[in-house]
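Alright, structures below, take your time with them.
Presented sequentially are two complexes of chain A, the first with chain B as partner and the second with chain C.
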Partner chain A sequence: MLDERELATRPIVQDSVQHNARTVSNIRALTASLFGVAAGTLGLESIPGFIFYALGTAVVSVLIFAFKAESEPKAYFYRPMADLWAGDMFGGLMSFVLTWTLFYNLAKA
Partner chain B sequence: MAVGATAINILGFVFLSHAVYSAYEHSLLPSASQPTPPSRLLPSFLDPRVNLPLDITLETLFSVLLLCVGVVLSSPELKPIQWNVWAGRLERSKEARATKEVGVGGGNPFAGVEERPGFLDIRGQRKEFARWVREGER
Partner chain C sequence: MAEAQQILRDPALFYWILLPITVVMVLTGILRHYLSTLLQSAPKRQPLAKLREQRSLLRSANLRTNYAQISASAFQKRREWLIENARDGKFLADPDARGKGKPNPMSDPAMMEGMMGMMKGNVAMMVPQSLIMGWINAFFSGYVIMKLPFPLTPQFKQMLQAGVGTRDLDVRWVSSLSWYFLTLFGLQPVYNFILGSNNAANQVTQQMAQSQMGANPMGGAEDPEKLFNAEAENLEVIEHYYILDGVEDRLLERFQGAI
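So, the complex of A and B:
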């Protein structure tokens, strides 16, 4: 109820929300495969590889926060916690694993 | 900004290619297959066991960080989601006021909202509505 009232007094632009979500998910997909390249080249295995991915996505979140959202995530994301910091955390995981295994095989085997 | 981002991307890509090729060449050395000594700080399941020289490891990490910065900088700008901020920016922008074709664009982007008929016969409308309601009841 409170949420609805908040939306009525301060409406949000659906187009911008979609545009922002698409931009962030593009960045995440690209960087996830880059982290896969790095993890495979370093020869990480099992848990350290996934920890590397988690650290990498955290770094990318901070970069988006600093460069794209101008340190004001409230102005660009409806729910900053879900849309910027935690959102799409696992969306890039598949491409990460793909390039991880590929480059692990290229550089190690 | 766009030129800088492209330069960072190219630089990062060159570094990454060099690091990956170096790692591949290192893996061809006969000494590369020896297992690394276990880490003293981390427990065994968290030990990354990186079997590369330190400079290749650092180059890989550095190039990936560089590429991340480049990707973030070269992606399109985010748009503000609050209606008032977005509309205010649109109203102040030159593109929204520029005339594109005959009859398209030009002037106020909110013309449809701001230009309303100056006189409305409210009483007449009420009478009309009342008549419509009465007819509906019958």
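So, the complex of A and C:
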């Protein structure tokens, strides 16, 4: 009951939440594709490639935290841990694999 | 598995297979987006009584979620009025049908209309997909065109090397069908940038969204009288509080540090 009142006095606006989530997922998708280009051009294979992706997304998370959220994720995300740091970590994986494969083949062929 | 199986490939494979498939996939996504936009039938004009029934339900639901925004007396008035009318069945579109139970969804033309709309959407999804798969299978099967940068288990050999017919070839060498699958799953950001975020280009994400909603297509077939009774009961049990209760304290608390 107390939580409910807290939410009523400081409401969370659905539109803003959606907008923030969309911004994060757009950034992630774009960077994932670019990481795929880089990994393919470097000729990374199997495990190193996926490690490259994990490192890249971690760096992107830090960048979002520093620039987009202005080091105050509480103000932008309801649950900063889930929405900013871990959120959508694997959303860009398919596009990463796509561009990775494409550029790996273009570079090696 | 052999250390590094090398296969000499003609660079023309890229220009005549990889590129066309990619372009076709992107264009199909765009086509699918516009197709599903065009196929959406305009909402039908509904009779006044039916509309009143729906809006009254909506109104009571809104009161239930936003009751904190109005004062206690205002809430009390609205609640009494809504409960009384809901119990008497004044909002019902068809007061004569009270107590006859659930209508059959098949007999209602409006329901049929809704189901037709969904069918149209599904057809717009399925037809291009199967067409392209048939196209790829007809033109580009029987040879490998690319090497995946990561290993796969041999189970994928059946699917990704269909029609190649070499037993010992590494699974990493795959035919054009696998490129089709990669583009199918990986092109969502491309659509996002071309068509904006709310596009209907990728049927995979759409299916995911649908399964998450768990929407029941027959949801509208509930007996309206039962819905109103449930709504009235829900309204009755609400314990009202006003959002401005204690607002002075909260305000002072907020500016305490500033002094």
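The rule is short, and it goes like this: the second predicted complex is superposed on the first by the 102 of 109 C-alpha atoms of A that agree within 3 Å, B and C clash if a C-alpha of one lies under 4 Å from a C-alpha of the other, contacts with A are read in each partner's own complex, and residues count from 1 in each chain.
Assume contacts are C-beta pairs under 8 Å (C-beta built on N, C-alpha and C of every residue); 3 or more make two chains touch, one makes a residue touch a chain.
These figures come from a predicted structure and were not determined experimentally.
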**OP:** Could you look at A:Phe67 and tell me whether it touches chain B, chain C, both or neither (first, second, both, neither)?
**Re:** first
Original post:
Given the touch rule stated above, what does A:Leu34 touch, chain B (first), chain C (second), both, or neither?
Top reply: first
**OP:** Name the chain, either chain B or chain C, that contacts more residues of chain A.
**Re:** B
**OP:** Could you tell me if A:Leu98 is touching chain B, chain C, both of them or neither one (first, second, both, neither)?
**Re:** second
Original post:
So, does A:Val17 touch the first partner chain B, the second partner chain C, both, or neither?
Top reply: first
Original post:
Which holds for A:Lys108: it touches chain B only (first), chain C only (second), both, or neither?
Top reply: both
Original post:
Of the partners chain B and chain C, which touch A:Tyr53 in the superposed model: first, second, both, neither?
Top reply: neither
**OP:** Would you check which partner chain A:Tyr76 touches, where first means chain B only, second means chain C only, and both and neither mean what they say?
**Re:** first
Original post:
In the superposed arrangement, what residues of chain A touch both chain B and chain C?
Top reply: 26, 30, 44-46, 106, 108
Original post:
Of all residues in chain A, which touch chain C in the complex?
Top reply: 5, 8-9, 22, 26, 29-30, 32-33, 39-40, 44-46, 49-50, 92, 94-102, 104-106, 108-109
Subject >> Residues of chain B defined as touching chain A within the complex >> reply: 16, 19-20, 23-24, 27, 45-52, 57, 60-61, 64-65, 67-69, 71-73, 75-86
Original post:
Which part of chain A faces chain B closely enough to touch in the complex?
Top reply: 10-13, 15-17, 19-20, 23, 26-27, 30-31, 34-35, 37-38, 41-48, 51-52, 56, 59-60, 63-64, 67-69, 75-78, 103, 106-108
Subject >> chain C residues within the chain A interface of the complex >> reply: 9, 11, 14, 18, 68, 146-151, 179, 182-183, 185-190, 192-193, 197, 241, 243, 250
